[in-house]
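Starting off with a structure, shown below.
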Amino acid sequence: MGLFLLKRFATLLGTLAAASVVVFAVLEILPGNAAQTLMGADADPEAVAQLSAQLGLDQPALHRYGQWISGLVQGDMGESHAYGTPVLELVQERLALTVPLALLAMALATVLALAAGVYAASRHNRLGDVGVMALAQLGIAIPNFWFAILLILLFSVQLQWFAAGGFPGWSEDSGGGLWPGLKALLLPAVSLAVVQAAILARTTRSAVLEVLREDFVRTARAKGLGQRAALWRHVLRNAMVPVVTVMGLQFANLLAGTIVVENVFYLPGLGRLIFQSIANRDLIVVRNCVMLLAAMVIAVNFVVDLCYGAIDPRVQARDL
Amino acid sequence: MPLLQVSQLNIALPTPRGLAQAVRGLDFTLERGETLGLIGESGCGKSLTALALMGLLPERARASGSIRLDGQELLGLPDAALCRIRGQRMAMVFQEPMTALNPLHRIGDQVAEPLRLHSGLGRAQARGQAQALLERVGIANAAQRMDAYPHQFSGGQRQRITIAMALACGPDLLIADEPTTALDVTLQQQILALIAELVAERQMALILISHDLGVIAQNVDRMLVMYGGSVVERGATASVFSALAHPYTRGLLAARPQMAPVAPTGQRPRLATIAGTVPELADLPSGCPFAGRCAFTLPTCHTTPPPAVQVTGDHVAYCLRPEAMAPALGSALGTAPIAPGLIAASAQPARARGRFDARNTPASDPPLLQVCALARSYPLARQHLFAPRSQLHALQGVDFVVRAGRSVGIVGESGSGKSTLARLVMALDTPSAGSVQLLGQDLHALPAQALRQARRDMQMVFQDPYGSLDPRQRIERIVTEPLQALGTASRAEQRAQAAAVLAQVGLRSSDLDKYPHEFSGGQRQRIAIARALITRPRLIVADEPVSALDVSVQAQVLNLMQDLQQQCGVTYLLISHDLAVVNHLCDEVLVLYQGRIVERGAPGDLFQNAQHPYTRTLVDAVPRIAPGYIHARRMAVPMV
Amino acid sequence: QNKKDTVVLALTLEPPGLDPTAGAASAIGEIVHYNIFETLTKINADGSVSPLLAESWEVSPDLRTTTLRLRKGVKFQNGVPFTAAAVKFSFDRAGGDKSTNKDKRTFASLTTQVVDDHTVVIINKDIDPDFLFVLGQATAIIVEPQSAATNATKPVGTGPYKLSHWSKGASITLEQWAGFRNPGALRIRRATFRFISDPAAQVAALLAGDIDAFPRVTPRSVAQFKANPRFQVVVSGSRAKTILAINHARKPLNDVRVRRAIAAAIDRKAVIDGGGDGYGIAIGSHYVPGAFGYVDTTGINPYDLDKAQKLMAEAGVKLPLELTMTLPPPPYARQGGEVIAAQLAKIGIHVKLQNVEWAQWLSATYGRKQYDLTLISHVEPFDLGNFAKPDYYWGYQSPQFNALFEQIKTAARPSDRARLLGDAQRLLAEDAAHAFLYQPQWVTVADKRLKGLWKDMPIFVNDLSALHWS
Amino acid sequence: MPPHPPPLPATSAPHAAPGWLARALHHRSFALGAVLVALLLACAALSLVWTPWSPYAMDLPAKLQAPSAQHWLGTDAFGRDVASLLLVGARNSLVVGAIAVGIGLSVGTVLGLWAAAQRGWVEEITMRLCDFTFAFPAILSAIMLTAVWGAGIGNAIIAIGIFNIPTFARVTRASANAVWARDFILAARACGKGRLRTTLEHVLPNIAPVLVVQATVQFAIAILAEAALSYLGLGTQPPAPSWGRMLSEAQTLMFQAPLLAVWPGVAIALAVLGLNLLGDGLRDLLDPRLSRQR
């Protein structure tokens, strides 16, 4: 097990390092300059040059890369050109939205998908199954941002139950709080969760069906376990392996989804920060955010690997 | 009241071609403590019968008739009620020990599960009993291994665990569905003995399902022979074997290659075969299911269900023309090719071992194949990060010589390195050490072009007739593949040659344009052989060429191989775990054990006077059908 | 029920920082100007100038020297008293080498002298009749020397409100500053600025009552608020000019006939409808109604497809003419661009639309002048001078205009200025320097009960001290 | 009596035979998927020769009309005919999907086949590269790429295509490895065929169904991705009609004309649904396990 994890961890670090180079290089080619953007069209060229120097934009690329990485290692992401505040602070604020949003969506999707998938599998080829799977097909086909728009149309425009966008924050003094915050995240989370739930439900169903065909399930039934008991005790855990895999793979898509959905709902999350920052040529923020997202994806996949270990004892034997 | 009474059991399955009657009109009873064997070829409905008894039929299957356990009707019982019976009153052991255990649960818990379920025991108590059970079935160190996972056990051990699981609640009836088919012969022997022992000990009734007549003959009191979903012959084992009455049963027996030695000079006997293949269940005639393949049919056979004909006592055959079989009646066990071989063998003097070894006999002609000090090792996974990589020595210091026209067989249990050897001989893998010389050329030292030419002289046949033919190519492409690689003949020439070899293996030239899935397993294996033959090779390496086939088909393929050897003079390097097959076809046998050749010699000698203990276990483990080997009632442990 | 003393305003864009002397985004001023930071003079809704930190002033007849007397008893929010030294510091800093002030050049031509603690003299190298207006703009805020460097995140000014909370990307909250010199005048205790750039979300937020006022709301959906008794809709004129800028450095756009053809091919009304959602007043030159010296020049190049086609033929341009139109992000540009492209297609000009971010617009279009046409709103109140800059991104070169502008700059008499300005406007229109489109109107949607909103907006501010609930 | 000749099983060719067609027509999701995809293709083809109105013709006075006899689905903010825009949008989606899948399929399949044939470090590197690209959410990377090269349909296609490469490479490698483990590969090698020949003659034809299925799925994903990018303003540029861009415009008009936000979404969902159903159907129909069951 140790070896397996160590190897995964080494790959993880390697991937992150490669990611940092790619992200930095790609953003270097980006046309435009933060100083000019900050100063606007009618600013004096001298003032723009001065700002460039202040922001360190005139340093050679390699030097800036080195600075960035050494800063990152020490937990310092540098200072945003646009906001003039430490990127770390900025990112933390945004994560306070994006992470709960992703988790909420993931939780919704998982609960929904497991229930629907297991139900469909247990009613294999009967009406319930066909119905649930038809819904799942629909769920996969619907673009999440469109679903988001439909939700707004229904719940904000027609029923006026929810705000059409924006985020009041978690703290009471800015007019937010736990409940207003959650309320603002609910529609976005639902629109994100639908696709995920549909994909996961299909995976769950086929995984459960696959496991149901396995000999050991027949063995369990031969022991005298009822259909339901066999499902809970023997099938589900085995079916979790592919489900967890797909969940890990889908996590990247979920994050991608938050970028889009944050734009639909005007949520100040990481995705919109990236968007804004690209528009502002606030590259230091873009860089760090993209790295952060990549790191999150990689970390989640690492956790998925850990889950395999927890779910399936054979993983430990499969060291190589 | 009998423990189990099955009457008029019918099982129907929906198929794309309509409802298939997988089991029809099955009747039998089973007393407490009695053992019943169910035998038949693949797909004849054995497993479905077993599943019907357990109430575990696939959802789509429809069962009718009656199954009574101690007088209680099981068919139509709600699942909840069945759950109380399953595991408690009757239990089942499945074929595949590798997959019958949940890979994610500790074996202790899995064995304890039925106890907790039915006896209402607490966790600790149940685990205590589970440990005792594991000890009873022969798991060493049961206390420590309770918390291990299935993947940490070998196949034989896993089968023991499933048996422990089945026995947990002390059921009255144990159903074992081909419990040993997936295991090596040596393990098969042990497991069957264990089951017999436990059945006797606990006075359980046993239904043993097998496709191997030998296994049935040695292990059960009474037997049912199934064909195409119906019983064709039934009776006490001893009486059935003393007078096989149904043409199918006789065919089955005659198709089995024997362990009897073959005369060194004489013509090798051909196996008797049953023409054709097992029919599709959806296409069965309304009359005798065997009518399509029977050599003795009357027109009415195809339309009228055969009547039950009593042979002796409770020995019954279902056949319209038992009188056609009459000459054979009463002497089945006494006539060729069953017992005489065995008797003759014991009369033969043992020959000097190593007579066929090229180094001992002066070579009149150069050896066709010479293998010298061949070794192959695979790197194993590291134990921890800084541990040196250890090696798995799959093959070590293997030497042998194959002379033209003399076939060599290689036997050994699973994992002994047989396939590795085949791959090295075919130059499909690189040896760690040693050489393989074909007609004096070291294959592993040849440049690519020369190797390609050399391949003309050696071809290969594989075990799995489904996997060895590319499903997306037409037979023409498949059969001419060796010619394509050589690139000498034109398309038309290739096709002509392909038609010729197909004829040789008993297929038609119209088959050239079909796809593999349009053929049965036996036919596919013929195609594979045709592919190997097309370059007129001197050597054919056959890795388990018949072990995936049913006995009746296996006999056809073995006969074909034998005929081809006589016609074209090919030499076989035959790999098999089945000693009888090797005995039937080969002039010399090499016994491979853990990557080394531990013994070699002419099959007759070797199987009579095995020197190496491993060879001896191997030979002893082969299920035989001969006087003294046939199970008699209340004789739980077969004499070995 | 207690009288409401909080207000939630919404802005389309979030400011990148809170120091108007370090960034150009108008959103900075919209939050801090007059609220946190104050200037010497105050610009009023009608464009007039009144005292703020300066109590009174005198301007020398040559318009170069201004003497200001400062208000006494004023403190910065960190407790430091406000004196003439702070004024000198602020203006020297704004014009200094390290300055990143948008109006750096203006401040560089000033010399500030401290006469005593409460008197300063400012000497301007250039003549600027609007100098007191300049002193009231957000770039001319008075900062406290110690805290000046951190104003972007921790602003310290003399104004009535101080920063309470900034949740980045969402909102900024200002709280009344207890130490303000005249606390009794303030009726709003706390103000929150939320940032909502999506038009639909803007509407939804207003309807839901999440925000009390939305100055300069995207005008797409204003109609329904007009009909709704809960809301008041204030439409105000602006000093902005939305134009289709033409790159004079490129062929065949350097040909006046082609430019006239383009101007004549554009139906300004349709552009206002499709691009400005109906909120705009057609203009014929780079000057807007309401500004000093405005003349109506819309008749000089009216919408006339036949004439446009004739002009193209006259110019001998091979049709179809392929041009690219660069469009910055705001809806007026993106929507208007589509409308204009469709109109120009009718005279055989194939326009390829190129949507760009502001960063790209600034670097490629504005910086490197890589464009044929671009649709843009120039919001500076008085920027005719750009036509006299030889290296401005338009590439407009006219000795005639340069001479005229020189005269305007030095004309001290208003009547002379007015006449000259009229000439300049006509000249630009005749030259078809650009296709001048419209003066956008700003629309404010607010709760009916909210009082004190600015009717007109010469500059972008939200003067909280004027707001109160009825 | 002589033994009967071995009964030859009923024959049925695996491809394009009536059996296959009948099976296909009876396969619910395949049939529905095929109809939807055919509809999509028909719309795209139709838009080449005819649309009810010009999708570029503005009619500002007639803006934001409700569906009527003249404008079946109403008009947008510029008075353009929504139905015409949708038809042309179908073409746009198809082109994007086809090119993006083409890029992924060609490059990814070659990489995957190479990795499977070569094993060892080639496989390791290819797969690590795939892992690496998977670490970036595709949309995010597309955002970065379009930011670098400028927003536009061409760059969007490339960005989507690039992210199809690892998907195809993985799928190809996984199924090719399974094929390489089969005995008929060993048989081919025993005949002296090299890796390249074996790959082309045996591996590729055997994994083709998997690739076809994957291609339909990726096609659907590409359409979704293009819609999302266009929605964010990074894909198709005006005035070229695109479903995603129509949605982003409609969103700003949600209060005046909610229906505008419905049509393009329905179009996207139906196209994606059709492709996914088709993929599911093909997965079943091309499954060799099923075709083996005679």
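For clarity, chains are labelled A, B, C and D in written order, and residue numbers in each chain start from 1.
Here is the rule we use: contacts are C-beta pairs under 8 Å (C-beta built on N, C-alpha and C of every residue); 3 or more make two chains touch, one makes a residue touch a chain.
Here's who's who by UniProt: A, D = Peptide/nickel transport system permease protein; B = Peptide/nickel transport system ATP-binding protein.
Computed from a predicted model, the values in this text were never measured in an experiment.
Minimum number of contact steps separating subunit B from subunit C: 2. Our note on geometry: subunit A versus subunit B, Cα centroid distance of 52 Å, whole angstroms. Between subunit C and subunit D the centroid-to-centroid distance comes to 48 Å (mean Cα coordinates, whole Å). Per-chain CA centroids place subunit A at a distance of 40 Å from subunit C. Residue positions of subunit B with contacts to 2 or more other chains are absent. In subunit A, the residues touching two or more other chains are 31, 152, 157, 278.
Counting partners per residue, subunit C has 198, 200, 203-204, 207, 357, 360 as the residues that reach two or more other chains.
Listed by label, the pairs of touching chains are A-B, A-C, A-D, B-D, C-D.
The touching residues of subunit C, when paired with subunit D in their complex, are 198-200, 203-204, 207, 218, 220-221, 223-224, 270, 273-274, 331, 334-335, 337-339, 341-342, 345, 353-357, 360.
Residues 2-3, 6, 124, 214-216, 218-227, 233-234, 237-238, 311-314, 317, 319-320 of subunit A are the ones that touch subunit B when the two sit in their complex.
The residues of subunit A lying in touch with subunit D in their complex are 11, 14-15, 18-19, 23, 26-27, 29-31, 137-138, 140-143, 145-146, 149-150, 152-153, 157, 249, 252-253, 255-257, 259-260, 263-264, 271, 274-275, 278, 286, 290, 293-294, 297-298, 301. Chain contact summary for the complex, subunit C toward subunit A: residues 8, 14, 16-17, 22-25, 97-102, 104-105, 152-153, 164-165, 167-171, 173, 192, 194, 196-198, 200-201, 203-205, 207-208, 210, 329, 357-360, 362-364, 366-367, 380, 383. Residues 29, 128, 131-132, 134-140, 143-145, 147-148, 150, 220, 224, 227-228, 231-232, 244, 247, 250-251, 254-255, 258, 261-262, 264-265, 268-270, 272-273, 276-277, 280 of subunit D touch subunit A in their complex.
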